[in-house]
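One chain, subunit A, links the two complexes that follow: it is found with subunit B in the first and with subunit C in the second.
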Partner chain A sequence: MSELEKKTESGSVDAAKDGASSEQKAEGDSGVGMGILFFIAAFAVCFLSGWLLFPSLLYSKKEQPFNFNHALHVAETGGCESCHSFREDGTFAGVPKNSSCIECHESQLGETEDEAIFMTEYVEKGKEVPWLIYSKQPDCVFFSHAAHVTGAKMDCVTCHGNIGESTTMKPYQENRITGYSRDIWGENIWGVKKNPWDRMKMDDCAKCHQEETGSKGACFQCHK
Partner chain B sequence: MTQDNHGKKYKFGMVIDLDKCTGCGSCMVACMSENNVPFKEDETNKKDSITWMRVFKLTNGKPFPETDICYMPRPCMHCGGKGDHGHSPCVSVCPATATDYGHDTGIVSQIYTRCFGCRYCMGACPYHARYFNWWDPKWPDGMEEYLSPNVSPRMRGVVEKCSFCYHRYQAARDKAYHEERRDEIEESEYQTACTQACPAGAITFGDLNNPDHEVCKFVNPDPHQCGKPRNPKAFRLLERLQTNPKVYYISEREWVRKAGDNYRDGEWGKEIHSSDGNSHK
Partner chain C sequence: MKIDRRSFLGLGLGAAAGVTLSPMPWKLTDDSSIWSQNWPWTPVPIDGEVTFDDTVCTLCPGNCGISVKKVNGRAIKIEGKKGYPVNDGGICLHGISGLQYLYDPSRVRFPMVKNGDTWKQVSWDEAASLVAGKIKELKDKGMADSVACVAGSDKGSIAGLYKRFITSVGSQNFYTVDTMEKTWEMLIERVHGLNASAAFDLAKSDYIISFGTGFIEGWGSPVNNFLANSSRKERHAKLVQVEYRLSNTAASADIWLPAKPGTEASLALGICSAMISANLYNAAFAQSAGKDFEAFAKFVNEKYDPELVSRTTGVDAAKIKAVAAEFAKAKSPLAIAGRGKGESAGSLMEFAAVHALNCLTGNINKEGGFWTIEQQDSLTWPSVVMDDSATKSYAKPPVGAVTSVIDSGASGAGIFSAVVSAVSGGATDSGQKVLSSVSKLFEVINASEKSPVELLMVYNSNPCFTLRNAKVVKDAVNKIPFVVSFSPYMDDTAQLADVILPTHTSLEMTQDVYSGACIAQNVIALSKSVAVPVYDTKHPGDAIISLAKATEGSVASNFTWKTYSECLESIMGDNFATLSEEGYIASELAPPVTPLSVDFSLFAAFKDSISLEGDAKSYPLTLVPIDTIRLASSTLASPPFAVKTVEDTVLFEKDTLVEINPETADKVGVDDGDYAVITTSVGEAKVRIHLFDGIMPGIIAIPEGLGHSTGAKGEIITKDGSPMAGITGATSIITQTGGVSKNRGQLENLYIGGKGVNVNELIGPVMDPASGLDAAWGIRARISRA
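Right after this comes the complex of A and B.
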């Protein structure tokens, strides 16, 4: 019995002690709560600034010399190949030179300001347009358009997206560290890819090669 | 065998006729300009100069009346390794897979952006065909505009070597695709810069697997002995190391053929004998 009593006594003492400590805890809790709140707020600020500011820190934006309306030209000429053609030796000519443009633009055809810039600044002065190329790969990369377009019968959209339907040129974004176009890494800063044309990294080449040919390919196939 | 892309198997190789070579060095110059090989103002220290293709001078060591010299151009041998399975000395030691054996071409690749410059491969290569970039390339004013756009210049801290002008193979394939021949490449469509530059016509280049190609006709490689030449006038450097190079040399002169490996006294005749014995097995 006495033991039991002792127990209840000590129990009540414990309870009293608990009450005292819970008061102290309440004071401590408000401190921790403030800490957590501060942490969350600071995290949100850092996270958002990283999310929103980092890309603009990492990439510089450059405007193209003047706007080019792809949709209009595709409708007029009938397809990508009429301007972006292969040379006779099988190499890809990429962005056309003035000589191809002049075939149609001997004199000004429309009334847009952009065409006026093209005619006065470049055609009349005999200067090539310094286009900034979104899909330019690093110097160590060899890419055969012939193997993909003629050999594997792929269409341009698979890798380049719906550029043919665009009416304006987006600003060219250059990675300040590597000097590469943002289109290589992709618009999504986390590297999330929804469409095949969202990114142009080596892994993206390898993924498609794995699916289509059963092999990622050897290094020397695409590196030079 | 998943690495054998698209099935087609080439085995590109080179035959150099040492009796035709005059040692003029055209191949070296052509190679350097074709492949954007960096150079320095002072190239007197040959230990740090880069020469993918290098002409060596051999002599028979005899006094005047019998004295004879031979010039020996040395590109990368593109070794197939023991058993010709692609275990080249350099490929098997590379910790970064920066150098690799192309099972579809037989060409040993070097990927500069992957190399981190440990130089194991240079130690492994018995032919000294590999070179290290101790400095970033410094082109004379305006020369940067004249570099070949098909070969990427190397940076400081990586190893480089002859690639059998692989970019020309890529270009030839581009053309073949464009003409819808898939990758059927004519012998004349893929030739290295040194081959075309040689004024004496001492260098021949082509597919060792294709009996119609000149290289195959010249050396008659034995497919059951990892491509060992059946032409008795042809030899490969350091044949006994079993590196199975894809560069063959031809000479009528016995002392030149003998210089292709380190034979001790009395070994030369036996070597020929034992290799004959092997071919009967």
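Right after this comes the complex of A and C.
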């Protein structure tokens, strides 16, 4: 039998030795406590920064060249397709070029400062407006507006939401790693979405394709 | 409280758990995958509106219609234009790679002046006043006739402007690089007494005998021929190829007649003889339209009986007779000549022997036959005004003047005086017959102690590469005190220039284009600028107009237009509006109705084929150039895409391969893949051996279009005084051993430069006594193991 076992069995033989043993135990307890404390502190710091600090570090905010009032233009022109049109060959023109804008804005029509910027900085200088495009998908993704809008007769709102009713342009948040807009992943950093247009990742495409066509589709349909 | 191991453990675990339960790792995983799939440094083509601009390809004389696909206004692809008369949607590999010429590494980026061993960037004004100063100086000294210009061709308004400039200065020294088209024109003039170009209605002919042409290897209008050839089976049309080598054309032909090299004309006359003796020719035509037919019939029957011809050509007499019978029986038989791509003038009498076949069938100016197309001269130039010194100098004959021995006499002033009066714009039409040869020009310069040419301008041509005996041409160019190049590229000639005024490449400029290349239709087109100029270059027309203005005096007064576009609009007249709108004007697809006479006496004057340079004893073999569609052998070098397609039996790494029959190789003692040295009386070159059963013994065949030089010597100093090496990439090439190669020149096209041997450094020009033009088709040579 070892000495330790003897001690345990026969009880304490030395008070001084006993005292030393309980002190050791207390020290051990406090070590665990400290461990837990550090755990909680580190957890809290990382958890909170992951949720709160990380998103603001990940995205840089950029302002559009000037504000554009969609609601006003929709009211004047009648709908999305008057400006976001399809070309003769069926391809989607995307954001209109100055040449389309000056069909109406040959000279300044209103009195807003934004229109003044557009006229003096871009139309007069013959420069295209470097709009930051919220919905631009990565280069490795092929997307055909023609297939969805012309072919499947989908509404713009289904994917883009009620942009046509907005009067101001929100700041463009650019992902510092990928260089693409925050709108692709969605405003919610956890990726939770309420509306279809809140996020436009591959799973979102697949989900809709599954529901509408019965298949998620093949890789090469979008990744050429 | 003590911080111990457990605290750190707690910290680590806490951080890990905190991070894991936050969106950070999941989001970062996603972002990094997107990042790595779209590396920000990988260039991505800009998306945008797709548009098509129609224009005409001017890389070769074929002039196909092309559609240039653009995205967001930037040219990205060239396609053949459907419905265009020449090519109907077809395109060749050079045309499809045309965009590469825009970004070619050898492009000269700005005007440069040679300063000893270096090149110095100058402004356009500085360059123009430097050149104009030299011209004025020569003019003042009464030496205006020592100003010369070598241009690719004399067709169109740009060449017209250069010609006008030289004339205005007071010189007749305007040279073009002669092709088979010129020889055909001379032949038509002598046989039919017409001032017309030759055309072949290949797509409708049902029996074509090709005498050594590279029918599907770049001869004439290449894509037009591809179309004619591919429809041959459906049309039940036959192709007979006369060639000493199993070329692609010979392989594609229905009958291959491997006549010994240099005996092609004899074979043609042999077929004539067979036709006449079997009474298979068009007797009605020969009687009604022919002159001296009897003499010709007697001549061929005596000297070119198939049995005799069989001995000289090596082609069986029975086969000659069989081909003669088939040819005569065909509905629209056609005989064509012009070796390889037809890029050199060729022998007039050889062409005559071939054309005798066309004349015997009478299939001239008929569907599927040989056509004489009126030369399209729709440009109206104002007359040239010359001051006294210019008029005096202009009276002197050109340095490269040549005379032709055979003259049928009936032709009068004919084509030659037409050339002169076009030059002088009618101002000094002395009626003098002047024919000049560019090969002769350089020969005379080399032979003279002091160059008779003081200032040479080179536009749209690369004589130091394309002319036979290129080394001698280089020596001559070096001897000329002042050379001005208008080349967009640092080509073999531009490197030797004193000043380079870089012009736009074809896709960057507008110009009028005239169909040629023996197409059976007249097509005038406007080739439009489809790309924004990449560098500080000028339109060649604008370059010469500004040079004329800087020269002042009477020269400037002949160039009153502000720009080239203004000039084009004014000299084109009514056609300009139509061309601007429609792009091209095509004549009807019908044979010309010109009444025709045939002077058979010229055919009867045939003596011998052009003999080869070099004596048979020291040089027992025959070296012949071969043309391949994959290698451009004219002014422009092949684009990188095309070079990639060249077989490694033609170009292996940096070596040219020569074709040689195994039997000959055995005798010489070389084997497949061996290095060997070819020696001719003109030069020698190291090549590799490719054993080929499809070539006749005793012949060495060497591909054309290789052996471009390796860029300019010396540094290029930009305006701010710094060397340009950084952007050319040429002087900082890392060699295989890891060192920096110092041997490379600036502005080098590494895709073609320094690869292989230039045929023209082995073959010299041989003047055709009948035409005065270069008719060399090979040279005597020897080969030995290196």
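Everything that follows uses one rule, which is that the second predicted complex is superposed on the first by the 174 of 224 C-alpha atoms of A that agree within 3 Å, B and C clash if a C-alpha of one lies under 4 Å from a C-alpha of the other, contacts with A are read in each partner's own complex, and residues count from 1 in each chain.
One rule holds for everything that comes next: contacts are C-beta pairs under 8 Å (C-beta built on N, C-alpha and C of every residue); 3 or more make two chains touch, one makes a residue touch a chain.
Note that the structure is predicted; figures quoted are calculated from it, not measured.
Visitor: Tell me which partner A:S144 touches in the superposition: subunit B (first), subunit C (second), both or neither.
Guide: first
Visitor: Touching A:G90, do we find subunit B (first), subunit C (second), both, or neither?
Guide: A:G90 contacts subunit B only, not subunit C.
Visitor: Could you tell me if A:F220 is touching subunit B, subunit C, both of them or neither one (first, second, both, neither)?
Guide: first
Visitor: Looking at the overlay, what does A:M154 touch: subunit B (first), subunit C (second), both, or neither?
Guide: neither
Visitor: What's your read, subunit B or subunit C touching more residues of subunit A?
Guide: Comparing touch counts on subunit A for subunit B and subunit C gives C.
Visitor: Of the two partner chains, subunit B (first) and subunit C (second), which one does A:G191 touch, if any: first, second, both, or neither?
Guide: second
Visitor: Contacts for A:A41 in the overlay, against subunit B (first) and subunit C (second): which applies, first, second, both or neither?
Guide: second
Visitor: Enumerate the residues of subunit A that count as touching subunit B in its complex and touching subunit C in the other.
Guide: In subunit A, positions 89, 91, 138-140 sit in both the subunit B and subunit C interfaces.
Visitor: Show me the residue ranges of subunit B that touch subunit A in the complex, using the header's touch definition.
Guide: Subunit B residues touching subunit A: 2-3, 5-6, 97, 100, 102-105, 107, 109, 111-114, 150-153, 163, 166-167, 170-171, 173-180, 182.
Visitor: Under the touch definition given earlier, write down the residues of subunit C that touch subunit A in their complex.
Guide: Going through subunit C, the ones touching subunit A are 1-4, 6-19, 21-24, 26-28, 30-32, 34-35, 37-38, 40, 44, 47, 49-50.
Visitor: Across the complex, what residues on subunit A touch subunit C?
Guide: Residues of subunit A touching subunit C: 27, 30-32, 34-51, 54-55, 58, 87, 89, 91, 93-94, 138-140, 175, 177-180, 185, 189-191.
Visitor: Touching residues of subunit A toward subunit B in the complex: what are they?
Guide: 86, 89-91, 138-140, 142, 144, 146-147, 150-151, 213-215, 217-221, 223-224
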